[in-house]
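Shared chain: subunit A. Partners: subunit B in the first complex, subunit C in the second.
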Partner chain A sequence: MSKYAQVFGQYLDLCRQVEGRRAAAPLIARLNKAGAEALGRIAGKYRPDPMAVPQTRPDSLFAPDYGVNLMRVDLPVDAAAAFRCGVPNLNSYVGIVANDAFHPTHSLQSLPEGLTVCSLSAVPEHLVEKVINILIHIVDNSVETGDPTEALNALLLSDGILIHAAAGVKVDKAVQIVNISNPATPMLAPRRVVVIAEDDAGLKVLLCDHSQAPTVEHLSVECVSVDAAKGSSIEIYDIEEGQPTSRRAWRLNARQADSSRLSVATAFLQGGISGNGFHVECTGDHTQTSLSGLAICACGQVVDNSVTLVHKGLHGTSRQNFKSALYDDARGGFGGKIVVAPGAMFTDAAQSNKNLIIGDDARMSTAPQLEIYCDEVKCSHGATTGSLDDRAMFYMQSRGIPAEEARRMLTQSFMSDVVDSISFEVLRQRMHVLVEKRLSGAAASCDTCATACGSQPLNTEL
Partner chain B sequence: MNDTTPQVPATPSESEQVISQATSGEYKYGFTSDIDTDIIPAGLSEEVVRLISRKKGEPEWLLDFRLKAFRYWLTLTPPDWAHLDIPPIDFQSISYFAAPKSKTAPKSLEEVDPALIDTFNRLGIPIEEQKALSGMAVDAVMDSVSVKTTHKERLAELGIIFCSFSEAVREYPDLVRKYLGKVVSYRDNFYAALNSAVFSDGSFVYIPKGVRCPMELSTYFRINASGTGQFERTLIVADDDAYVSYLEGCTAPMRDENQLHAAIVEIIVEERAEVKYSTVQNWYAGDAQGRGGVYNFVTKRGLCRGDYSKLSWTQVETGSAITWKYPSCILAGEGSVGEFYSVAVTNNRQQADTGTKMIHTGSNTRSTIVSKGISAGCSQNSYRGLVKVAKDATGVRNYTSCDSLLLSDTCGAHTFPVIDVANPTAVVEHEATTSKISEQQIFYCNQRGIPTEEAVALIVNGYAREVMNKLPMEFAVEAQKLLAITLENSVG
Partner chain C sequence: MSDELLKVTDLHAGIEGKEILRGINLTIRPGEVHAIMGPNGSGKSTLSGVLAGDPRFTVTSGQAVFHGVDLLSLSPEDRSHEGLFLSFQYPVEIPGVTMVNFMRAAVNAKRKYLNEPPLSANEFLKMMRQKRAIVELDNKLASRSVNEGFSGGEKKRNEIFQMAVLEPRLSILDETDSGLDIDALRIVAGGVNKLRTGQNATIVITHYQRLLDYIKPDVVHILYKGRIVYTGGPELALELEEKGYDWIKEQVDNN
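Then we have the complex of A and B:
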């Protein structure tokens, strides 16, 4: 048995030991089964992606022997005391995931008609088949790509969240999911958010990752599964503010139908090791996709963003913009692939990855890729890696701005276009502040982060 | 028709017809020279390696080198990471050595086999003419054994060594031993190990300190005997302050079965020296259905060891059924410069996965990569590159531009660059675009009285010009000719 098969096999063994004793809803049980089958097939043939930063590869992230709460042992978390949340002025529907268990808040009690936010254990009857079909399709697809993360998540999942907007329902208020890691012992927390927008529906989702375990290594395996139906619009924002002990395997799998719009923005402000994967399939015509990410890393932090964007329909448009600033001995990675399938005529795809290396021991690996099987397309990608412009630094210093301040201002301006691409205004304003604070050395703590803990207590009791 | 249906005309436009015409040309150089060759039986074993070495009368140390490489090769499997669909190759069905039977070195052109002279004449590059007109020194490699070397005397006066690899092993064993395998180790990759074990011949160039080679050095490779692989090995050493421009061109006769070509080129550039290496590669690409054609799996690498040294690769790749080739530079000397200019044209069912590696380990090193891919027919054309900046290399600068031009809706154009930077003072830029010849461009030319056929030629020519300009004058003519053959009737 290869060493990789052993790494992933340990989780299969674990699940076999408790087989028949896991108390899971039928939907989750079916997903567990599909995950087990897929993982079994991937584990044997797994080969690590040579482009990925080694620390963020699944075989590295999943190698430690983490505890997994398969038997749903009650881990008491005082949600009200621990999580107080809300971007100032942000009026949102909030759900909290403590480690791997979903805790709805009172704001989810009064959802508008057509919007469903619930646990995957309590999916309304008429949506069960749809949800399971979407998830099983994603898990099966992962066998082809050879990435075991989706299958592992499906195998270990005990709870998750469904966000569903019915046809024609446009929800202006964001649905905010706050993930909190607070384990007492090294733990793996599988989390899944399923976002479905039916025809002409509109959704905004804000995902915030927090950790309150600065001394215990913990891994969150988060999968966001997105299905954008005809004419729908989905915006997803993901903000990571973990601890040096945080490990994250994050995957976004999305499928877009005709004339749908998908916008995903991620921000790494604090954390340990974070491997993020985006897989977007534009199967419909006239789709619009925007993916962006910013990462500010220091002190041994590692962030790797890997994007696969597949254009299968006609007239698809996509834009990717990823930026990172690496301080100290941080390590960054970017792997971006645009695939234009045969017949995907009139595709217009652009990808940009720009990186600042500021620390003497920092390192950045970039692999922007194009795979084009169709001639009537416009595709481009650009990547740069470098330091701050000496002339700009000199210009600012010659006008009396100290070097440190000049560096911070230039880095902030470097990051600003990613932040500006956030169309959600309240969040955009908040992100500008967060980036500024992060760059000025203020640790992103609960009172400076997007979740703004301390600003208002949250009532998690229904 | 609803609004989501593509606005594509039902019948192919005039420009599409021209492109289709232009890209369906048959291979002109597909002929076989009837020259008596000495071939050892197919198969590869330690005994075959010993036999090759014995036939070439090699010293013990070289046999040891071959055997070490062979034993290492046995532990390897062919690389499968490239964006290529390579049918399984039976390495035991290949004959690893084919040498023209007449072994005595000819003293004049009259002594050379007339059929061989005829072959070069049909290629349009007669040795005699080249010698007289262009002043180039030509070391013609035909099925692995160097047959004819010209201008040797003039080069010898300057202390320049330009000879076949076998001759270098006999005459300058210390030099060969000093440099062989120092840039491309036999442990480098599967095909490098194979070549190190069975290489039959190649060229050796040594430019002594302070010498500027007064002429372009040129080698013409050509696969001739059926079922034989060509495993040549080129070693170029430019000592301090030396300069040389080296040209390598290939054409191969038409064959029904695939032929394997696994070469190694090693270049060492010492302080302030400069080497310019230009290639025009036009191995037989197979027919329109993808039958036959050469597999071109080549390892080319240069080491800019000295400070302020420079290595420039220019390649025009028009041939081969499958190309797997990444001419690279290791920029170790302070302020050394690496350049890579490439035009890769694929047509019919050709597959090319080519690019470069720029490994910056020295401070203030610079590199430029310009890659132009042109895909037609059902071909797949990939650029694969690596720019690596080591931790201690300060002030590194790299600029990469790779563009792809698509000439049919069934071909593929791909870009796989990797950028790995571990020093904060480095500035590395990469940009890539993919597009087709637009109807507007054709229309613009048409309305100014330029026929569509010429317009396509004009656009493709202009597209590749940036790289073509880097070729030495003598070579540029041939390169354009080969480009014209691949995209027949549209270019030239």
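Then we have the complex of A and C:
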């Protein structure tokens, strides 16, 4: 057995030991089964992506012997602490995921007509087949790509969330899912959010990742499964504010039908090691896709964003804008693949990856790729990695602005277009503040940074 | 010594091992205007950069004492706080940093250095308005990124605006006249003159007599090949305008 087969096989073994004893709703049981089958096929043939930052690869993230709460032992959680979230007062519909269990809040009790937010074990009858089809499609697809993350999540999942907007229903308020990790021992938490917008529906989803376990290593395996039907519009925002002990394997899998719009913006503000994958399939015509990510990393933090965007329809438009600022010995990675399938004429795809290296020992690897099987398309990609403009630094200092502050202002301005592209206004303003706060801390040395992490400056109400 | 604002003694400096300043001596007293002239490549910008703390340059020997403070031991920001101001020959564009945020950071950093509380939003905006008027700078520039998309004239007026805000004891104007039409030149020079007091001093670096018609120098120096080779009164500038630099070059090169 290869070393990789062993890494992933340990989870198959774990589930086999409790087979028939896991209490799960039929939908989740079916997903577990699909996950087991898919993982069985991937585990043997897995080969790590040579372009990804090694620490963020599935074989590294899943290697430790984490506990998984398959038998649903009740773990205490301080739900009130979730509201010490960095983005308060959004007036959103809030759900909390404590480690791997969903806890609805009272704001979910009176949802507008046509909006469903529920546990995956309580999906309304008329949606069950739809949800399972979407999920099985994603898991089966992942066998082809060879990424075991979706299959592992499907195998281990005990609870998850469905966010569904019925045809024509446009929800103004955001649905906010606050993930909290606070295990007492090293733990893997599988999490899944399924986001479905039916024809012409509109949804905003905000995902916030928090950790209250600064001394215990924990892996969050998060899958966001998105289905955007004809003419629908989905916005997804993801903010990571973890601990140095946080590990994250995050996958977004989305399918877009005719004239749908999908916008995904992620932000890494605090955490440990974060491997993020985006897989978007634009199957319909006239789709619009916007993917963006910002990462501010310092002292040992590692963030990798890897995108596969497939254009299959006519007149698809996509924009990707990923930026990172790397302090100290942080590591960043970006892999961006645009595939224009045969027949996907008039595709207009652009990808940009810009990185700022601020720390002497920080490193960034970037691998843009275009695969174009069609004429009549417009595709562009650009990647730059550089340091702060030393002329600008001196100019600012000569006006009395201390070097540290000049650095912060320049880094903030470097990031500003990613934040400005957030169309959800309250969140955009909030993100500007969060980025500024983060940069004030990041500019300090590792020692002071660790202290700041301990005191959780971003998690408190401002 | 109390009546010396800046005293530069035998200053040597260079870049990447190449010596550019080869023994500069210069004394400036409060209230004075000194002009430094000289052909291209003499080291005028290098001298201003070295005094302001441009990290590209390395000082190899010599001293610069600024109202009793060892200037060369200070960071660029502290030189600014101590009252040194450099108007850049080529002002730097900073995309994404607005003029307002830039100036607020500069003003409050200085106030912090002087143990003064930060200005309130109102006080700050009022000051910006007053100072802008000195160089007739458009209000719209405040929300734009620093120097980005500014015309040549706007950039130079923006430099003098910043000077007005920071109220330096010693201003070094490096070719502030270059690229200005006569109206802009008059505005810039007028701004500089309004800011003159008996306590502060100005170094005007220029190629041409033109600016000196508006900002009257007390002393004129000629910098050539990294040394001040000639010092005289205002009439020296007129002489240079008439005869060019060749006679100076000949004298120096033949010695």
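The criterion applied here is as follows: the second predicted complex is superposed on the first by the 432 of 462 C-alpha atoms of A that agree within 3 Å, B and C clash if a C-alpha of one lies under 4 Å from a C-alpha of the other, contacts with A are read in each partner's own complex, and residues count from 1 in each chain.
The working rule: a residue touches a chain if its C-beta (ideal position, glycine included) is under 8 Å from a C-beta of that chain, and two chains touch if they have at least 3 such contacts.
Because the structure is a prediction, the values reported are computed rather than measured.
Asks: Which chain, subunit B or subunit C, is in touch with more residues of subunit A?
Replies: B
Asks: Looking at the overlay, what does A:364 touch: subunit B (first), subunit C (second), both, or neither?
Replies: After superposition on chain A, A:364 lies in contact with subunit B alone.
Asks: On the A-aligned overlay, A:402 touches which partner chain: subunit B = first, subunit C = second, or both, or neither?
Replies: The second partner, subunit C, only.
Asks: Touching A:413 in the superposition: subunit B (first), subunit C (second), both, neither?
Replies: second
Asks: With the two complexes superposed on chain A, say which partner A:382 touches: subunit B (first), subunit C (second), both, or neither.
Replies: Touch status of A:382: first partner only.
Asks: Please work out whether A:372 is in contact with subunit B alone, subunit C alone, both, or neither, and reply first, second, both or neither.
Replies: So A:372 only meets subunit B here.
Asks: Quick one: is A:346 in contact with subunit B, with subunit C, with both, or with neither? Answer first, second, both or neither.
Replies: Touch status of A:346: first partner only.
Asks: With both complexes superposed on chain A, which partner does A:50 reach: first (subunit B), second (subunit C), both or neither?
Replies: In the superposition, A:50 touches subunit B alone.
Asks: Quick check for you: in the superposed arrangement, does A:258 touch first (subunit B), second (subunit C), both or neither?
Replies: First partner only, subunit B.
Asks: Okay, in this complex, where on subunit B does subunit A touch?
Replies: My answer: residues 4-6, 8, 81, 83, 391, 404, 406-436.
Asks: Can you name the residues of subunit A that touch subunit B in the complex?
Replies: Against subunit B, the touching part of subunit A is residues 50-51, 258, 285-286, 314-315, 342, 345-346, 355, 357-387.
Asks: Spell out the part of subunit A that touches subunit C in their complex, as residue ranges.
Replies: So the residues of subunit A in touch with subunit C come to 389-392, 394-403, 405-406, 409-410, 412-414, 416-417.
Asks: Give the list of subunit C residues in touch with subunit A in this complex.
Replies: Interface residues on subunit C, with respect to subunit A: 52-56, 75-77, 79-81, 85-86, 88, 91-97, 101-102, 105-106, 109-110, 113, 145-146, 162, 166.
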